[in-house]
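Take a look at the structures below.
Okay, so chain A shows up in both of these, paired with chain B first and chain C after.
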Partner chain A sequence: MIILLLWFYVIGFAFTVGGQINAEIEHAAALHGHPEAKAAGEKVASETKSISPVDRWRDRALDSGWHNSQQFDYQLAFCRVLNVFSWDSFRRQRDRSHFSPPQDVRGLKRTACKISSCLLVCAVALVSCQRGGRWQGDQKLIILGIDGLDPQLLNRYIEQGRMPNFAGLARTGSFRALTTSIPPQSPVAWSNLITGMNAGGHGIFDFIHRDPKTLQPYFSTSRVEPAKHALHLGNWVIPIGSGTAEQLRQGKAFWEVLDEYGIPNTVFRIPANFPPVRARGKILSGMGTPDLRGSYGTFTFYTDDPMSPPGTVEGGQIIPTQVENFRVNARLIGPDNTFRKGSPAATEPFTVSVDPLEAVAKIEVQDQKFVLREGEWSDWIGVQFQLIPFIADVRGICRFYLKQAHPRFELYVSPINIDPADPALPLSTPKSYSRDLSEEAGEFYTQGISEDTKALSAGVLDDKQFLEQSRTVLAEHRRIFDAEFPKFQRGVFFFYFSSLDLNAHMFWRLIDPKHPEYNAELAAQYGSALPDFYHQIDEVLGEVLPKLDEHTTLLVLSDHGFAPYYRSFNLNTWLMNNGYIHLKPGGSDSNEAFANVDWSQTQAYGFGLNGLYLNLRGRERDGLVGPAQADALLQEIKDKLLAVRDPQNGGIPITRVDRAKDVYQGPYTDKGPDLLVGYNRGYRAGWQTILGNFPADEFENNSNPWSGDHCMDYTLVPGVLLSNRKIDASAPALTDIAPTIFAQFGISKPDGMMGSSVFSH
Partner chain B sequence: MSYKVKLEGELLDNAKKCAEKSGYASVDEFVLHAVEKEIKRVLPEEGGGESKETVKKRLQGLGYIE
Partner chain C sequence: MASRTLLVVVSFSLIYYYGPDVKEQHWYWITPGSLVGVLLWSGFSSAFRVYLHFFNSYSKTYDRWGR
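Take a look at the complex of A and B:
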């Protein structure tokens, strides 16, 4: 067995190293416009041969129209954890991904030579904007993408004098509300911006989608499929063949188009871009990037407090520990080890020596030792998880927080993030970019949503501790911004900030006395947290403004605004009470999604934050509603939803219900919800209804620290758009941003793209 | 434990055609994959897919799910 494993290892290593070298050479050649560099999607003869049946299937799938489902196969035999795959296969799949191939560079040069000398200047200008040519312009476009920057709060803080740079930009340039997506959820909204299409075109309708045949939920922007077959050797399981990680967003990203025209670009942490699509620019993936366990953030909390029930909590795990002789022995929990039968989690031991007198502890992890005082955070700590002894391992990074040393022991460990210096998953293009960033600006959170909101919701971190963690996230982003922005010379520079969104979610209850969770004492302590984050973003803008010149356009924008979340509406309970969902005898006690639903009598169900689906014959596994009945039924449900009133206060919980066919355009329109439920400010889909559970009441107070939200009626939570130039569009929308980018560089809007430039050029 | 299934006649011919057209290395591989796919569709939990509870835990880190 050992010989067999070694053989696999050597072959895999050779493939991986060879693939990486090839990828780097190709990337460098492409960046420098080398005439022999392969154009995007172009294959040399040897590469057009299918390597395996899996590759052949995939090639056919791509040829059959799966053009933009960015799939990446991965060498599971050596590098795969649950979601871990190798760079060699990532490169191979990138080469297979469909892109409209640019024209040959040499062809353009020959054409240009035939033009008479009197037209040479014009020809150069023309070639500079031709697909595949090397762009020679000096225009610059800077985009600050501020998730959740709300126009009402921005105006309030401008009036309070907290945002002098935004005030100046609004005064000398333009400040508009920016129409958000339907529904106004970040993956949908950023996909609108990225592709210039709405959900009917890019296929992202919600944070979560469902498989209509199984009602299995999955994250809407990416999906990982394991290998189909495995070799079982005792307790070891050797996967055979390839699994896939797909990016599910359809449509071409704006930076892919810029690449075709040779326009340099940097795109930092834009959501809905994991795994990152092939690009010539510097791209780092953002929201949607998992932690090393394959989740979207799982913290661990070690405690000897018997009042903390061990086990799983939302977004985390509580692990009971024993302090014996002032020493704790525990294990860090890593990814599932699919090389072992049953895929148990890979773990690594660590020890904590608690000082008997002082509130101090020494922590030893592998070869690292560090001391934390109570209430202190560690730096990033690297951890190597062994999968096959001496053969396969995977590296992550995490931060420790000693919450309490005495009398109870309480230690928080952040989700294990993918190490940007040695990524187990593709985080960036080129591959070396995440490593370069970590070398220049230090290690940083790589998981898509870095702020640990779940630790606050679960009470593992309190407001102060969450705030510290959240400030660290913004500090990391600012460090990277300070490292990258001065390098920007020309082309497009996009930089994303998450802090306003996540902190508005968590701290709305402390700026709004009407919120059921408002606490005057806490508000006095932490009510300034959200405006402080706004002020920090203003400081970032203050770094940008002095760099603007006549060649530079600045866009500061957000994907949506914000609103209070006072009350939950349990859509599935309402559907059940109104006869659209029927349960089997036994009721709705189960915590399992849609358990006990009698699909033979169910006409419609709610899924996700804004979605309502018919149980449609031919689409759902046990579809009941025939296509001929669908229109009338949707109208009936829509009318009833708009007539619902909150029994507590007579309020209107739902202000808008849209039919998908009325608001979406594109080939994926029928893949999403049939109705989009738009909640009034103050209301949102209840926590339990999102994945198909049935709380007893249709309405509930929201008692979660997650107290602000935006998954509502899209007309009530617009984003913002500011620019140093005059915005001519009277009602700009997110789908106008990609056309605006292209117009800046004289690029025609690609087919299928909606919207138009917000400037009249 | 293993179980053998005999294909013959037109079904075998069609299976061969499908395997070849779809890029499978053999009829065996095609049949195995087809059965796995169908099991996953009819019995998603038994078909090797993650349980809804596991998926829910993964999604909870997004913040929007309790």
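Take a look at the complex of A and C:
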């Protein structure tokens, strides 16, 4: 209500000012010999002797002698601008061409031109001072960043003849394994590449970090804080001050250094860059970009099937619906509306009319109507979520999939993505880049992890449907690549593809008969999905290779390789069974992180996919372990972990445990885990243990479609590095890539950056 | 956008037609005053949008860890 009152006040002010201007003009016209103009205004001649407030300002200034100052000139010029505007408009309106303009107007245009010219010159000078010298070279560096491109699978598919372009590049150029990060997780690995430092330097140790004081998890790469203060007016909450979107990755990105030297660069969807750092190049954020609801992707599934349990599942929400008279009324769920007390989710209604005979439905969302057959995906549909009526709204895009029309109604709606054409949060630099891309190549997924793996894991999408969705993601990336790559003339062009990683995660079980979830029938249908994605990446490389010339260097690289994920190891359960974690009486059956843990007796805990932390005095809220005991305790836990054996098959689940201080360099070394647990191929930390929960068993079979992984011993899952040039480094690492980029352009490696160029220069 | 602008312009014309206490009423679609008023309205709207963009709090939702 207060907002509406404020709004009415503002509108009233606009009406008053406009009315006053009209009255002054009429009055001025009356004084200039057109008394009939008086009839159109409210004033009478005795109200003022000047023709307008402009003249009053002028007279007052003249009386005070103010006109001798420079300030007076500006004031007068401003008055004249006002006057010429009103006078010219008035003249056009009344067609009084025989009028000569009042005295004030003479010479106005010349003055205005002078001022405008001065401002323009100042602006150009300011911009020129800020920009560094332009680089004049003609070198080109193309980097294809292929997440999860595995050297073993690549070799296998090369041998099978599926990857002719990779085979050619490996034959005529170089092909090496690329040492990945510790731990080998994408945000960590790409941050190594971006900054040329390891986690101790850039501060990203995992997908998730914990606050040592609360042990609450948060995204490791970015943090969005609301305004610190807010005005509460009834049901409305008005923020006072600015909320912040903060990128948590430290260190300078390679494209920031390139900017300093004026080297043009385009960086498409590189992970760990949300919100994108300020840059001059064209940058689009990638992994780490949330959907409109602020999560890594939350789908919704509308169904009238009573067997589908309503509520929240991991990565999604199942909403029970009723089909009445072949019609469904439901609501799309948008972001939390923090302008409202209690921050309820903003929602928008939509209706589905189900054809009584055919497996077809018509969907109406806001002013859009479209028809879907059963098993059909919609295009991107824009949705406006209203936060404050008529004042504030936020736009997203989503896709609908009619899974079933009869006898059960089942409708999947993708996570609401931030609209690249009108982004609610920063997606790119310049800000217009995401809009330009969407205009040129169509709407596209903007959430960092676009493939909806959670919907497949939850059984909402099956393999076929997930595969279709994944293919759409790659098709979008290829469309953008086809639009952007031909524009590349010089400097650096980096393009990221996520498809091999996400599809290896989900389809490993269909290429590996040893996997507990292997299904021969499904393997016959979809076992070729992963190799097909590899082949598509080979086709992309096929577009690049003909463009190479003597000035162009090509790097094709991945952040890590891949391995099967057969068995889960529940680190926290193991720590509890070995006396390092104590629970309060009653155990822990809550899904909350570390619920019911007795911290006064707990020495260490697992958090994240590879992290193990001491409950360290002075760091953790209820720290128990003193600094003097830390080394011995870490060594003891390390030795015990390396001695663990899988009771089912006698296998070795953990092949490597690293001390943080041994493998990290940089100012953030102390912020990360104390031990990095490196799992053997086939093993990984269980889903529950990584968030501080305590499943009953230390080992579990992996029955999730998420069947391949890489969060293991980093020496077992290297990435790949291919180039059209001879790679001289015998064991190149991700931290060598930034120095390699700089060496290509003759730039010295910045201080603190590890590694060195993989080429001889 | 065009329909919104048209609505605002019509609002100004109506107010300036019926509002003043004058002997002769003339209908004008656009007058200098209405032009300034519309610009002010648009400016205030844009400023408020900018405020909401930079000083909003709906992004509070984004500090949650996955759902």
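Keep this in mind: the second predicted complex is superposed on the first by the 630 of 761 C-alpha atoms of A that agree within 3 Å, B and C clash if a C-alpha of one lies under 4 Å from a C-alpha of the other, contacts with A are read in each partner's own complex, and residues count from 1 in each chain.
Everything below uses one rule, namely that contacts are C-beta pairs under 8 Å (C-beta built on N, C-alpha and C of every residue); 3 or more make two chains touch, one makes a residue touch a chain.
Bear in mind the structure is a predicted one, so any value in this text is a computation, not a measurement.
Residue contacts after overlaying the shared chain place A:237 against chain C, while chain B stays out of touching range. Legend: residue contacts after superposition of the two complexes on their common chain; A:315 is shown touching both chain B and chain C.
A simple residue count on chain A separates chain B from chain C, and the partner touching more is C.
Shared-chain residue A:208: touches chain B and chain C both. In the superposition on chain A, A:711 makes contact with chain B only, not with chain C. Contact with neither chain B nor chain C is seen for A:539 once the two complexes are overlaid on the shared chain.
When both complexes are overlaid on chain A, the residue A:217 reaches chain B and chain C alike.
Contact with both chain B and chain C is seen for A:295 once the two complexes are overlaid on the shared chain. Using the contact criterion defined above for the overlaid structures, shared-chain residue A:728 touches neither chain B nor chain C, since it reaches no partner. Chain A uses residues 208, 216-219, 290, 294-296, 298, 312, 315 to touch chain B in one structure and chain C in the other. Of all residues in chain A, those touching chain B in their complex are 50, 52-53, 56-57, 59-60, 207-208, 213-214, 216-219, 228, 290-291, 294-298, 312, 314-315, 415, 447, 449, 453-454, 457, 502, 505, 592-593, 609, 621, 687-688, 690-691, 704, 706, 711. Across the interface of their complex, chain C is touched by residues 10-11, 13-15, 17-23, 25, 39-42, 85-86, 89-90, 93, 208, 216-219, 223-227, 230, 237, 239-243, 245, 290, 293-296, 298, 312, 315, 317, 335-339, 343, 387-388, 391-392, 394, 425 of chain A. Within the complex, the chain C residues that touch chain A are 12, 15-16, 19-24, 26, 28, 30-38, 40-41, 44, 48-49, 52, 54-67.
On chain B, the positions that touch chain A within their shared complex are 22-25, 29, 33, 36, 41, 44, 49-50, 52-53, 55-66.
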